[in-house]
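What follows is a group of structures, each given as structure tokens.
In what comes next, chain A is part of two complexes: it sits with chain B in the first one and with chain C in the second one.
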Partner chain A sequence: MTASVSIKLTVNGETVTADVPPRMHLADFLRERLSLTGTHIGCEHGVCGACTVRLDGDIVRGCLVLAVQANGAAVETVEGVSDSGEIADLQEAFRQRNALQCGYCTPGMLLTAQELLAREETPDRETIREHMSGNYCRCTGYQAIVDAVETTARARAAART
Partner chain B sequence: MNEHNPLTALDRPNSYIGRALPRPNLTRLLQGRGQYVSDMSLPRMAHVAFVRSPYAHARINGIDATEAKAMPGVVAVVTGKELAEVCTPWVGVLSHLKGLKSAPQHAIAVDRACWQGEAVCAVIAETRAAAEDAAERVMVDYEELEPVTDMMTALDSETPLIHPELGDNLAFERNLDVGEVDKAFAEADAVVEAEFVFGRHTGVTLEPRAVIGDWNPGEERLTVYQGTQAPHMMQNIIAKHLGLEEAQVRVVCKDVGGSFGIKVHVYPDEMAVVALSKLLRRPVKYVADRIESFNTDIHARDHRCKAKIAVKADGLITGFAIDDVTGIGPYSMYPRTSAIEANQVVNLVGGQYTNQNYRARTRVVFQNKNVTCQYRAVGHPIACSITEGLVDLAAREIGMDPAAMRRRNLIPDDAYPCAAASGLKFESLSHHASLDKLLSMMDYDGLRAEQAELRKRGIYRGIGLATFIEVTNPSAAFYGVGGARISSQDGVAIRLEATGRIIVQTSITEQGQGSEAITAQVAAHALGVPMERVRVILGDTDNTPYGGGTWASRAAGIGGEAAWQAGKALRTNILAVAASILQADADALDIVDAKVVDKGTDVERMPLEEVARIAYFRPDTLPPGFQPELMAVRHFVPREYPFAFTNGIQASWLEVDPDTGFVTLLKHWCVEDCGTIINPQLVDEQIRGGIVQGIGPALYEHCLYDERGQLTNASMADYLVPMASEMPDIEVGHVVSPTMESELGAKGAGEAGTAGAPAAVVNAVNDALAPFDVRIVEIPMTPEVILRALGKI
Partner chain C sequence: MKAAAFDYVRPASVAEALELLRRHGDAAKLISGGQSLVPALNLRLLAPEILIDLGGLDLRSIAMDGGVLRIGALARHVDLLNSALVAEHAPLLALAMPHIAHPAIRNRGTIGGNLAHADPASELPAVMQALDAAIVVEGADGTRRVDARDFFTGIYETVLAADEMIVGVEIPVAEAGRRFFFHEFSRRSGDYAIVGLAAAATVAGGTASDVRLCYFAVGDKATLAEGAGAALSAGPMSVERVAAAQAALAEDLSPQDDQQGSAATRMHLARVVLARATAALFDDPALAGRTAA
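Here is the complex of A and B:
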């Protein structure tokens, strides 16, 4: 087996150092080494979006990024953005609208929605649906998720004016 | 409320029943702080990777694990033969499905693999990665055998037998002949025939199947953490096949990342994992990867059905006849069997209509593909697509509007109780009220006008209607009568804690439907306490009453009623304690907002925490001989009707591009009747999620096998599921006909969406393409299928 590689990164603001096998992907690293199990694994081939995390501010698929590639980077997971309060309103909208059933897609959905909301002030439903299309949900049929994102966008826009 | 209609028990203060409240404990999942089995880790836990057969059918002549065992981190390599010493095989039959047969199935194949993906060897190592590395070094000497893949030729005499000892490849056959079918067809003004094709598809739960077996040799007890819908069923089966007492097995079910019927079955590889834990005397974990999910999670449907309908010129349906074949893989799945879906198709076809002439045959055949079994809406989408497909074709044939055709034939709303031609008993349905409501919600006439207008401009839009019935709240008639130890009753234990809080333990389980929420709503409502005071415990055979779990749309109707009855019983008990403290008449007291009050005036007498304090810490102050009982247990199962049928109707509005074969879904409507609605938001979301799970197989989802029995699209990139951008907004409406079997009156709602959506979408596509005079009776309706029907390819 190939020797482990030392990496140093920040995860949710904390500095982390670790020796990892070169083939270990970031989602496994977060889940298995740091016990941050909010980053889920649905396919491990970059399709479902359950493993979505932020890497230096951009959302990525944790199963398509190797842990070694995150060396020196800042990683944020659903646990981090929950604790910082950054998406508290979005989470509350999801809760009120029952935009999650089993909750397995939810961390990825939240991070993906937050990216859209940061970019566009009041996206219409079609834009929301388009943007969320890389994240699979097998439970909800998506409408409640679209509603919750739309509600949050409107509330944020109203708060800005 | 007027005095002729006094307040019922359901109209008390703290009225939570009927309210769209958010589910408790969602915050945990919203923060990524749930605990799915795939998240769990135990001390000294080892991981399994399975070596799986690359062939659909092969003899295993030998397994050489020498190299694999020498790999770093490997704990053990265990073959099927070795595992059979610890885990006995099973046969997936039920005695009430007469003639159903299957062959003994092992947790790991012993000398023959019968489908591509069947486990033939287990490698256990310190990490999953190490186990997978070693699995690649296991040398299996396979001798490929001729696979049986085409279900249509599986019964031919020249086709090899998958299990020679069974005599043929026929697992089950059922015939039904009711009324005067030949006469009806002979005297019909029109007869329409079609051969309906339903592709195989699967559940694609976002969290794959996951299990941890934790055998503690010191306690001689096995704790199983499993994403399952039926913990008590699993406890029984694990104990039985591992040679343990049920008391030695505890099944714990934490958060489950989607289930839909996929996780209610006994999977051989999961049985292997718990057996390996016992064998290796340490915790062992297995999580299916996505390829394994596609190859081994149960598949569903895979039916081909010749069907015909007889009608009179005025639209009256006078006969249905079907001849159905389904391929179920090499074994009937354990313990629910793989014959139920076909059986349901026979039961359900035409069940919404008055017609009483019906002939049906179904044949369930073995083949060397992955097993099929019960997945959301078992049989319903097939029966509904056949029925509603035929009705639309017949309407077209006689030149009648599809909505009028349905109105002519649906069982009248005042005809209940009554029975379908197949013998299904209906307590109270509302087809006509539902149809009327749907047509007005969607502005049917307006849409028809719009459709005609657009057609002139070369835009092809279609409307598809699909009425349906849904089996919910199953009694013992489903499995219990067939000898399976699958409970049809559920139990709830409820108690008042010393601090005035309420603990509810229920035998139903949660996979995201909202079982916990409706249990809390019903319990809080029955007791008269704020919902925040109620904590619900479920999914643990050590800590809940015995019961069935959550499947077949039964949790709210059966578990909900048990919670209602338990809540009422505890309320009576609490009032008895309060009455003895207050030296009052219990009948003159009530509980409102967690306080004992004078009935009628709501004047506070004492808070519940004070009742609890005295009962638990100062019972010496109570009258001699009085024993407070601040816990109550109640169980419930429907007894009068085998199933509580629900009904409804869906409509799809879509556009087809005749040049590309692409379908754009524009809007979908559903009106359904699940009786009393405990939480409207949760019901609506079950309907919406179910509809999308029905649209998936109508347009995209398909397990594609080649003629050698190889699944060719076992990845999420190749097996298409609905995505947000393709799905329409879905409007949901309700008609409410409570069941009289329970006080709550709730029926199930989990499968209605999936039951009717494919038929609505297929009918809408055919309606859109009516000017081209095509008819499509095959799903998934891929662009290729549509272009072929249009004669463009």
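Here is the complex of A and C:
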């Protein structure tokens, strides 16, 4: 049996301490230890993007980061960016455009899209598709997701002028 | 699936990491970004007894030193993608970066981890060979520099000894007149390549010289197509010379059959991308059998 490791990190702004087995990945830690079940687990080997979270401000695959590697880091999940209102307009655009059906991929889609929107003012559809290419959706056919991201980008750009 | 249990240790220095490697040998795996290792752990393709996490080491810098661009092993793909030094002095590397996986993976994956993993479908081993880069390796006996062309020995295999680790790469800066081309065929943006090519050449007076054509996802490791490179630089460029280079690929490459494509498909695509590379390097679409737009 392998020894647990003590970690201390912030999750959605709150300090968390825990003892974790080294093999536990961050997505399992968030879901099972902290009951933050907005982070979904799909493929568990880095292909589908459902487990996307932010680690020190960058989006990462929650299934490809060990919880012990997040020691000392700041983690943000879809619950955090949702509660803060940071992505309220993006969520509303997803609703308006029917950019989700079953919703399984949606947390990952939102966090991935928000990273692009924070970096580029009005990305074109090709850029949006490229940026979202690591996130699978099995319901929508992606068109509506690209619509929602594009709509949000334009609305934010208009609000800035 | 979930990874099998393992122990975990996070050294504070390269010396400490090497000591841990020496002590644990093959029972240990080094982890940096983990973007190839953790999937293998989760799928239980690997089950090391202990992970040695390099995340605390100061090996992330990207800097110019004389005529050499030095990149620390822990520089992430996103760091390379956004680096002005890489864009200026190693433009081929900059061209390749957007093809490596997806943003969330580029935010974690590192150049050292990628090279040590030695995936035959990966972009970076090919880019390193096309750029005549050296891979800087540290072990108990000190530091050695391995020519990228000698580093990769097979599928997930390198010349690294069990007690050695990559600490960085050194890329000679691009000379004036050097031109570059990068392309890969894949089913989805960011997926594994079916066939890819990283190319560099000096083009002057309608003739190419010092041609480096490094293919990846064709065979068991990234491979320099030396016969095709020699054929391309044997005289003034022409459609016939491109055809001769394409024919030479039969000797240079040993494509494999897998679920992504047959060997015949791969050889065909390798020839297609060679013509496109030549057309791009010479800025002449006719060399790829195309008319100017």
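In this section, the second predicted complex is superposed on the first by the 161 of 161 C-alpha atoms of A that agree within 3 Å, B and C clash if a C-alpha of one lies under 4 Å from a C-alpha of the other, contacts with A are read in each partner's own complex, and residues count from 1 in each chain.
Criterion: a contact is a pair of C-beta atoms (placed from the backbone, for glycine too) under 8 Å apart; a residue touches a chain by one contact, two chains touch by 3 or more.
In this text the structure is predicted, and so the values were computed from the model without any measurement.
The wider contact with chain A, measured as residues touched, comes from B rather than the other of chain B and chain C.
After overlaying the two complexes on the shared chain, residue contacts for A:17 are found with neither chain B nor chain C. Where the contact sets of chain A with chain B and with chain C meet, they give residues 1, 21, 23, 44-45, 129-130, 133-135. Those residues of chain B that touch chain A in the complex are listed here as 22-23, 26-27, 29-36, 38-39, 41, 72, 129, 133, 203-208, 255-260, 289-290, 511-514, 681-682, 685, 688-693, 715-717, 721-727, 729-730, 753. Of all residues in chain C, only 1-8, 10, 31, 34-35, 38-39, 41-43, 51, 53, 55, 78, 98, 101-105, 107-108, 188-190 touch chain A in the complex they form. By the touch criterion given at the top, residues 1-3, 5, 21-23, 25, 28, 44-46, 49, 52, 55, 58-61, 63-66, 68-69, 112, 115-116, 129-131, 133-135 of chain A touch chain C in their complex. Of all residues in chain A, only 1, 21, 23-24, 31, 35-45, 47-48, 50, 77-79, 82, 91, 94-98, 100-107, 110, 125-126, 128-130, 132-146 touch chain B in the complex they form.
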